[in-house]
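Both complexes below contain subunit A, partnered by subunit B and then by subunit C.
Right after this comes the complex of A and B.
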């Protein structure tokens, strides 16, 4: 078995260590803290997206799962329990069920046709959220979603709702969990099955790999994880509205981050997120307030042309 | 002798066109049987039906007494049927060893539930058997045609089959490589394997087969010992017809 390059994963771990230690210093800019918190969130969305991509299918519609996750959590918070476990479960399950349904209905589609139908699949929940006003408040969206809760550990109270540092560490933990799952999808037998299906699904099938079941499982898991992130987003921002949580940008982000970081490395999508999102928000946004998002387009073109395997493959 | 594979009245249609019409035959334990016939006879389609890649319109496939008609490919594989493809399709970016490991990991579980050898050791033995030990770290796409075919055999064997379907393993090979392929097929039988071959060019059939089943335009025309089938008037006319068509073209 060929091992993944030690050097680039060592660099990745060094980055994570710095990120874990950095807010411990006394003064740090709140903006930077917030931007990295969101970078961790998008890193997990990117890894969730890449789970589907690792089975050889490119989705252009992960905004559907993100939006359903955000709406699932927001609606549970509004009509049912405001308990975080309940809202996040509602978000993840809404997205997961839609993902499972899409995976079953699209099971025989590949390549461009698969990408097209995933793009179309965003419109269904979006139009429902936009028009079912008696439940979702339509295009006004849902506001006043409760922030993340205050947690007491003995005598210490951590307010995840107001402390940006606490949110930062919570999302960093989520990043670890996401990276672990993503790592398993590359360096385990499950990962080898995904790779076999990606390289030649008919050959994989006759060698005993259950192609349809594998794809269905991985797409459902991918949707669940994306939905969980959508739910967290709803709590972090306090409001959801259709054009924001179902936006095409949210379908494009995970794709751009994964391609930039390297789709076939366990740390690739996370690396892409940790490099590009802060660069975009902290460096480009102040300089180009209107056009900074164009960098995502440039990154796709640049990566595909000059380093198709992503930053993660910079050194063998 | 025990029947390993029974094909009962298999018909396959693609739209209005019948690719296979009511084909029936059996393969017994330890036999080497070849499916022969000109292009378009339906040989590969029959392989696809047996391995679950294509669904039959009607008829049954019975493997070791169990009907497996309509099973998905992975289930057919885990039941004990492995196959190669007419156009070799190794996983292009995986090394030869990794290709074989996929078969070891996802194919049929070892009979006694325990393993004597490590996966890597077992993969190395299989690559040795097909003469690819030196190439074990070479990616599938960088192997020659003959090596890719042999890798497919090793990978199929890794799934621990009792019936092996080999699709044109000798097509396009040099006479020397054809001899090697014949030796390989015979050595597999010695290991207790039952083998069904597809052989369009009759490269291997006469040398290694116990029986031939001749197909033409989706129908079985005759089956029996090689010398009888190869001299059967309908087989001759099917092949000669093909040659004449080719010459006219």
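Right after this comes the complex of A and C.
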């Protein structure tokens, strides 16, 4: 890092600046704006996933938290208050509670066993959402979730519901917040404790790191953040249904993006999201309408084989 | 009623044994979790469906071709997995998860997301115990699964190759010292696993609807049974598969078919909590990240 003055984090900042300036400067197609909005959302999910991964646990079941967040927000919107703060809180809390429960129950599992257990844990909320028809409308899904609200700042009214540019900037802000938390999980005292737990649990315990508490907190935080993104997804799309929000694809996305971008860099997962998701949606989707998502699988296989440390480690 | 339930459970149990057998063999010999297992079974099912639909083949004609092709796929997969670095168990898990995604999208591309079923007659071939009926599908499932299981059992216990495979499962280093080509055994395990997957696919297409995302359930079932039985114990596999089939059918009967998926997931969680290192009991614990 020190020998090369232009580090890859500088490249990341440049990308962010371009992304922030781009919708203002030029006329832009709505589709591209929308795709980048979703890329920001998935970047935050990827960083939330990576919080768990940084403590040494690979989860194959973040779709559970995402789906619970989406359903929590949708159900709150349908039955309770439609206020954005209420729905997002409901979404984040329902995911966070499930995450806290999982973290407590699975506290002794590591490595491959943990990955398998999380894979199975997705089925529980999924089957419940699919079958509790009197509340969740089963496999039909919930439709008509209110879009994001109109916000008045003095005399300026910003309509987050219809203006794609407004959504773009809102999600960009969320991306900054997520990146900040993710950066803290790497470069802070807390981050060093996480690293110690990842490398050697016993030694970390001897040094006075509260291993179980730390793991529990980080998994709950990860679930909360993922649930928040799920809630936003419900508002952005206006409908949720079990096969979509609990799909294995959603468990794979954060894993792919993080592994591609580099799991051990603060900007890694976000970089992966900003590269791969637009590539998939803007380049591959028009060519291959069915089956374009195979690229995620190919990226997993390729990254594990050829550059296990991710794109972020290419340029030291 | 009860006789019908028993017939269903037995045929499903034998099918689950077939499903778990390939997974268990591959895991035992190579320590690779094949998360693409279910997807490959569904792929083989689609293959049989396509052949029957497009060329008018009868059911049994598709079996050899499916087995051959899936063996090829699994051998290719082995070549890729060989290059994975440490920690092998976790990396192979992530890797095969990626392969499962690829397989899902390949199926989506060729067969679209519609639900498909290999057509079979519902007429009873014969009816024991009065009103219970044994259909053609029951017979195919029961016959093919038990034949394949018996063949693998005889191969493992009465041939030299089987002895080498069992030695590799039990203690890899000692097997290597005794002059067994462990890498060749891994290839053999993948090839046999491929044959079993190829055989299970067309049966899966008759028993349940084929859907590109439908493989996860089969994978979970294979993992549950393998963890329950341990690796390389075919009789325990059969027992575990029948218990799981009975539990699932019971849950479907009491709660309704949609809750059935929950059963295998819950059993998997409970089993893993009970035996956190359960897969390689008595050996070194699973490598950690």
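By definition in this document, the second predicted complex is superposed on the first by the 309 of 316 C-alpha atoms of A that agree within 3 Å, B and C clash if a C-alpha of one lies under 4 Å from a C-alpha of the other, contacts with A are read in each partner's own complex, and residues count from 1 in each chain.
The rule is short, and it goes like this: a residue touches a chain if its C-beta (ideal position, glycine included) is under 8 Å from a C-beta of that chain, and two chains touch if they have at least 3 such contacts.
Since the structure is predicted, the reported quantities are computational estimates derived from the model, not experimental observations.
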Fit or clash between subunit C and subunit B when superposed on subunit A: fit
Taking the superposition as given, does A:187 touch the first partner, subunit B, the second, subunit C, both, or neither? neither
Take the Cα centre of subunit A as the vertex and report the angle out to the centres of subunit B and subunit C, nearest 10 degrees. 80
So, does A:237 touch the first partner subunit B, the second partner subunit C, both, or neither? neither
Using the superposition on chain A described above, determine whether A:105 touches subunit B (first), subunit C (second), both, or neither. second
Considering only touches as defined above, state whether A:117 meets subunit B (first), subunit C (second), both or neither. second
Among the partners subunit B and subunit C, which is in contact with a greater number of residues of subunit A? C
Which holds for A:298: it touches subunit B only (first), subunit C only (second), both, or neither? second
Check the residue A:204 against both partner chains and state whether it touches subunit B (first), subunit C (second), both, or neither. first
With the two complexes superposed on chain A, say which partner A:196 touches: subunit B (first), subunit C (second), both, or neither. first
What is the contact status of A:212 with respect to subunit B (first) and subunit C (second): first, second, both, or neither? first
When the two structures are overlaid on chain A, which partner does A:127 contact: first (subunit B), second (subunit C), both, or neither? second
Once the two structures sit on chain A together, report how near the CA atoms of subunit B get to those of subunit C, whole Å. 12
Overlap of the subunit B and subunit C footprints on subunit A, residue-wise? none
Name, in rising order, each residue of subunit A that touches subunit C in their complex. 56-58, 60, 105-106, 108-113, 115-117, 119-124, 127, 130-131, 198, 243, 247-249, 252, 255-256, 259, 288, 290-294, 296-301, 304-305, 308
Could you pull out which subunit A residues touch subunit B in their complex? 1-2, 189, 192-193, 195-196, 199-200, 202-212
So in the complex, the part of subunit B that touches subunit A is made up of which residues? 51-53, 72-78, 82-83, 85, 89-95, 98, 101-103, 105-108, 155-156, 158-159
Using the touch definition from the top, list the residues of subunit C that touch subunit A in their complex. 33, 35, 80, 83-85, 87, 89-91, 93-95, 97-106, 108-109, 112-113, 213, 216, 220, 223, 256, 258-259, 261-262, 264-266, 268-269, 272-273, 276-279, 286-289
